[in-house]
Amino acid sequence: MKIRFDSDYIEGAHPAIIEALTASNLEQHIGYGCDEYCERARAIVREHCNDNTVGVEFLVGGTQANVTVIDALLRSYQGVISADSGHINVHETGAPEATGHKVIALPSADGRLSARQIAECYHNHWNDCSHEHTVQPGMVYISCPAENGLIYTKAELTAISEFCHAHGLHLFVDGARLGYGLMAEGCDFTIADLASLCDAFYIGGTKVGALFGEAVVFKGEEMHRSFRYAIKQHGGMLAKGRLLGIQFSELLKGGSECLYFSLAKHADRLAAKIRSAFEKRGIRMWIPSTTNMQFPILTKKQQEFLAEKYVPEFWGRYDEEHDIVRFCTSWATKEENVDALCRDIENL
Amino acid sequence: MKIRFDSDYIEGAHPAIIEALTASNLEQHIGYGCDEYCERARAIVREHCNDNTVGVEFLVGGTQANVTVIDALLRSYQGVISADSGHINVHETGAPEATGHKVIALPSADGRLSARQIAECYHNHWNDCSHEHTVQPGMVYISCPAENGLIYTKAELTAISEFCHAHGLHLFVDGARLGYGLMAEGCDFTIADLASLCDAFYIGGTKVGALFGEAVVFKGEEMHRSFRYAIKQHGGMLAKGRLLGIQFSELLKGGSECLYFSLAKHADRLAAKIRSAFEKRGIRMWIPSTTNMQFPILTKKQQEFLAEKYVPEFWGRYDEEHDIVRFCTSWATKEENVDALCRDIENL
Amino acid sequence: MKIRFDSDYIEGAHPAIIEALTASNLEQHIGYGCDEYCERARAIVREHCNDNTVGVEFLVGGTQANVTVIDALLRSYQGVISADSGHINVHETGAPEATGHKVIALPSADGRLSARQIAECYHNHWNDCSHEHTVQPGMVYISCPAENGLIYTKAELTAISEFCHAHGLHLFVDGARLGYGLMAEGCDFTIADLASLCDAFYIGGTKVGALFGEAVVFKGEEMHRSFRYAIKQHGGMLAKGRLLGIQFSELLKGGSECLYFSLAKHADRLAAKIRSAFEKRGIRMWIPSTTNMQFPILTKKQQEFLAEKYVPEFWGRYDEEHDIVRFCTSWATKEENVDALCRDIENL
Amino acid sequence: MKIRFDSDYIEGAHPAIIEALTASNLEQHIGYGCDEYCERARAIVREHCNDNTVGVEFLVGGTQANVTVIDALLRSYQGVISADSGHINVHETGAPEATGHKVIALPSADGRLSARQIAECYHNHWNDCSHEHTVQPGMVYISCPAENGLIYTKAELTAISEFCHAHGLHLFVDGARLGYGLMAEGCDFTIADLASLCDAFYIGGTKVGALFGEAVVFKGEEMHRSFRYAIKQHGGMLAKGRLLGIQFSELLKGGSECLYFSLAKHADRLAAKIRSAFEKRGIRMWIPSTTNMQFPILTKKQQEFLAEKYVPEFWGRYDEEHDIVRFCTSWATKEENVDALCRDIENL
């Protein structure tokens, strides 16, 4: 059996989560996220946010979380600004558009947006004398880490947030891989920073130790009144909501010592090992990711050699002779497998 | 702690399912329902359907399944015929409308629709000379069991199916509680019958032993080409799809001896005990349900007496002095708790 | 050629409008409602409203106006309360649902809603402990005159408005036939009253003298910022917006002496003649309409007799032997044709 | 008063149309496009199409026509391929997205798409093993003339059509300025060619002599059954449909000698004069348009000089010192005004 490095959701959940689900299995609880496990998980999330006024709801998956937040926050005639490589623009089968909202895709060299780009887009809209003939920007969506593993600095996030809030734009951060970002070398922001800077963001569980689940954090009177309606309307209200409460309690309890952080740290450390191995071998990396995804630029021959034992993911063509290839680690990646891979990289 | 009879999803999953999830937890599988567990579950479902050409996809919940099927099958200018008490018309926060489709709600005395009603609605539409000013009926949605626990006979289903297919209407059966229906006294149809009569239906797992999950069965070239797009667009494609494949394999393997059927039978038998107890005590039932939901008509005083130990659900006002109250059993209901309840009913 | 009484839009426009369009035809004006004719018409509408802060935009037709206002005012998870006989619920091919909003249809004996009904619907929603499982009421839609020609009293409108505004509901009045209502015997409210009581309403031109056009009046910061976006997004922004500005200027200039009112008065007066003729002949009227639509209850034989010379509209079955039949007058109806009809009614 | 060249819809309608509307004004006709004028106009359009099986419906404006056709032809999970400069992607306030459909925007150097680009987009989609995670291409939208006035050759249209129909894609041509294209120097296709090559297209009236109106031509059983529903649902069914029938009858009667063609020829000829004047003066044109829109590249100083007497439209920045400026002629442009402009261009 080959060893898979093609994504960060190829195993189930961390054993502690399986245990917690098993232990509580025959308890009786009311549904739809109103049970005591969800309440406890909400309290834990609010502690991480250092803000006990934020709203917290648990959804099953990332596309669901994205589209529910977008549709809940925007008015019908507004669109959402995103990097053209953003997940909502590329890999969600037009889910935002299916709720009526255009993705205003801005070109991005490295998968991220800057406050300057956002400002330019915003001002171009409002300076156009016939601006009502184009979609009104209503929200900025960024992924952190981005789809290529890059993170933002606190200063960059702050600049984006300040522009947004000075100009009536919502800021929403897709945190499907948030843990891997928070624990990455060079990351200088925290969950509390996001809670302070964003109108909505989520702490991704699916890719960081849970069976499934994203903890959406949000602010604002309108969202407090509406978000559960939006969840139900978009088919995202899990009948046995306790399953989400239990998982996020397990992942996030313990503050800075929580399981979520240690699992993410593990993955980032192993990814750094893989990056080092490629770099030592003289192989260029596509982008300087410090999170759990690494993108060496490989020849067909190098790919074939590694494919004998491993399953990475083809990410895209780099040039005539090279491809960009993704190696993902996760909370479940075994160190021995990474070490084996590194030895084989030496022999490329 | 009071004993809950207020719904059929207050516990987790049958222990066999927890075991199967635990046993496979650290295996590596690709995502989105393309793994081997899902393939195996699809094969098992097709056996129950006695039709190896049907499409099978696994979704997380009922509202999600309803809205995804409706939006996948209908054209933009079509609506879906439903009993006014149908789940899609009442308890889904306008999810079908959020995808653009009006629910054409027909009055229903007992929560069910008849072929005659459907025919009348259809012909009224097309006999109207300005029919393009009203929504075109494109689909019939029925719940089986209905929201009040009543089931259809095979003859009734056949009549509906024949009308639909003679007139270009899709037939979609919401089977959120399908197991409890199939095992009910007097039920004369099978999963294979549904597969033969419907364009789409689902085998509900959430309420019948699974942690979550609905197995959607569908036919037709368009659906085979499109349904996975529709799932993804509606945020319903579970990243770790294996979780659904494992659960439905456990529930449905074994043909007529499968766990799904035995769990449902258990619930129906205990519900019949409760009904008997009420009837012996001279208390009228709201409707003659033979499935896992029973609806005695109780005075406030009777309700207060039972509320000391039990949690049923208030269903609606019956008259000045009586309410309709729902008692739900499930795969997880303990016989001893039902026996205790029955003794207390004697003393009402 | 038979004389038509089957609707109020069977002729073109009042000659004064044709003249105004002809006179201005070769002038050069910028598009999309930003020209000076539209500005002038806006000022005239604001005078009728006795409020120079209201927004005014001109749309081509009624369904377009309804759906644009509804989608602009509601949040994605909200629905609109309407009488079940309301135009948006019956004759717009699911246009509100196509923008994602459920019509919350309340039964109505006479085509109108009462503040009491609205309050009951509102409180039922919020008293339901699982209210997020149903669509949140966000707006009340009423037609005035209603689809059957009945009008509201100022007291009734005030009661509805007060409930709405005390409970965060928008109030929207469909005025497709507003002129005929305002000029009807017994009408005790004015355009200024509507401007004061509603969040949005429109002054219907299509049925009252214009070639086409509805003047939508609205209030509120959000609507001022958004409504032109909503119009464009819904395909309702007429390139040569001047055509609407010219028409509404012609119709509404002159205050209480304006053409719009005199045309409506003419139609109402002729309708009253028809009603009198039926009543003298001992024929019951379905409802006590004082506007331009009259609904006698006729036998088949009576219908056949009148059908020799006239074209009324079949409205619905009344009982085994009688139908409800609609006779419409309009600004264009000729008195001599009504007199001929009345003579024939005598001979029924 | 300055002379406007900023768009092709700054006057009303050709006098012959005003006359026809006036002459028929007090006739009584049934509504919604079912009157005899519409029937006559349909027959005339079918003659131009050389195909008496095509469907023909008349809509009021271009955005409305675009979004109605797109939503009627696509399934919910499909998107529409367009040049990134296409009107639906830029200037319709997200109207296609508001009906749920993503615009799949392809980069275009000259505002047009090629069969090769479309093929590449299509194959990229289907070759992606996770294609259901992206919007399925369901239609190709092209504007002819494009937004910059360029036209396609018959060979180019044929290549696009053949690819589309070999691969299950609908082809839809936005003909808002179709007349100016058909009459342009070098145009080698006809309305009959479009009827043969496309699934839907429209003959734009608003910009070519009508007060308003677009004649949508379509094929296919589904469209014949559904398109009038789609029109009504999108608020596009004009109550007094006769207004559209009368206008298109006037414009298109007379075959190759019809008013529509002569009006367009007039505009194209005057535009060619303007282009010649610029070229003689040594001023570059942005693109080689032969239709009614010309785009000289002008310095600020040149713009200021012309702005003393004329109103062209700023189209975009060209480089640090030059802008692209649009001069539009139309059916209503006076030759004397063009001659005056040409003299002033000489003196730039």
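First chain written, first letter: the chains are A, B, C and D, and each begins at residue 1.
Operating definition for what follows: a residue touches a chain if its C-beta (ideal position, glycine included) is under 8 Å from a C-beta of that chain, and two chains touch if they have at least 3 such contacts.
Nothing here was measured: the structure is a model prediction, and the numbers come from that model.
Engineer: In terms of C-beta pairs in contact, which of A-D and C-D ranks higher?
Structural biologist: It is C-D, judged by the count of C-beta pairs in contact.
Engineer: Specify the chain most distant from subunit C by Cα centroid.
Structural biologist: Taking each chain's C-alpha mean as its centre, the farthest from subunit C is A.
Engineer: Cα centroid separation between subunit A and subunit C, in whole Å?
Structural biologist: Measuring from centre to centre gives 50 Å for this pair.
Engineer: In whole angstrom, what separates the CA-based centres of subunit C and subunit D?
Structural biologist: 34
Engineer: What whole-Å value do you get for the distance between subunit A and subunit D if each is reduced to the mean of its CA atoms?
Structural biologist: 42
Engineer: Where in subunit C do residues touch two or more of the other chains?
Structural biologist: Only 76-77, 92-94, 98-100, 130, 132-133, 135-136, 229, 232-233, 237 qualify.
Engineer: Quick check: in the complex, which residue numbers of subunit B touch subunit D?
Structural biologist: For subunit B paired with subunit D, touching residues are 32, 71-72, 74-77, 99-100, 130, 132-133, 135-136, 222, 226, 228-233, 237.
Engineer: Hey, which residues of subunit D end up touching subunit C in the complex?
Structural biologist: Touching subunit C from subunit D are residues 4, 6-7, 9-13, 15, 18, 21-22, 24-31, 60-64, 66-68, 92-95, 98-99, 206-207, 211-212, 229, 232-240, 242-243, 332.
Engineer: Note which residues of subunit B are touching subunit C in the complex, please.
Structural biologist: 76-77, 79, 90-94, 97-103, 130, 132-136
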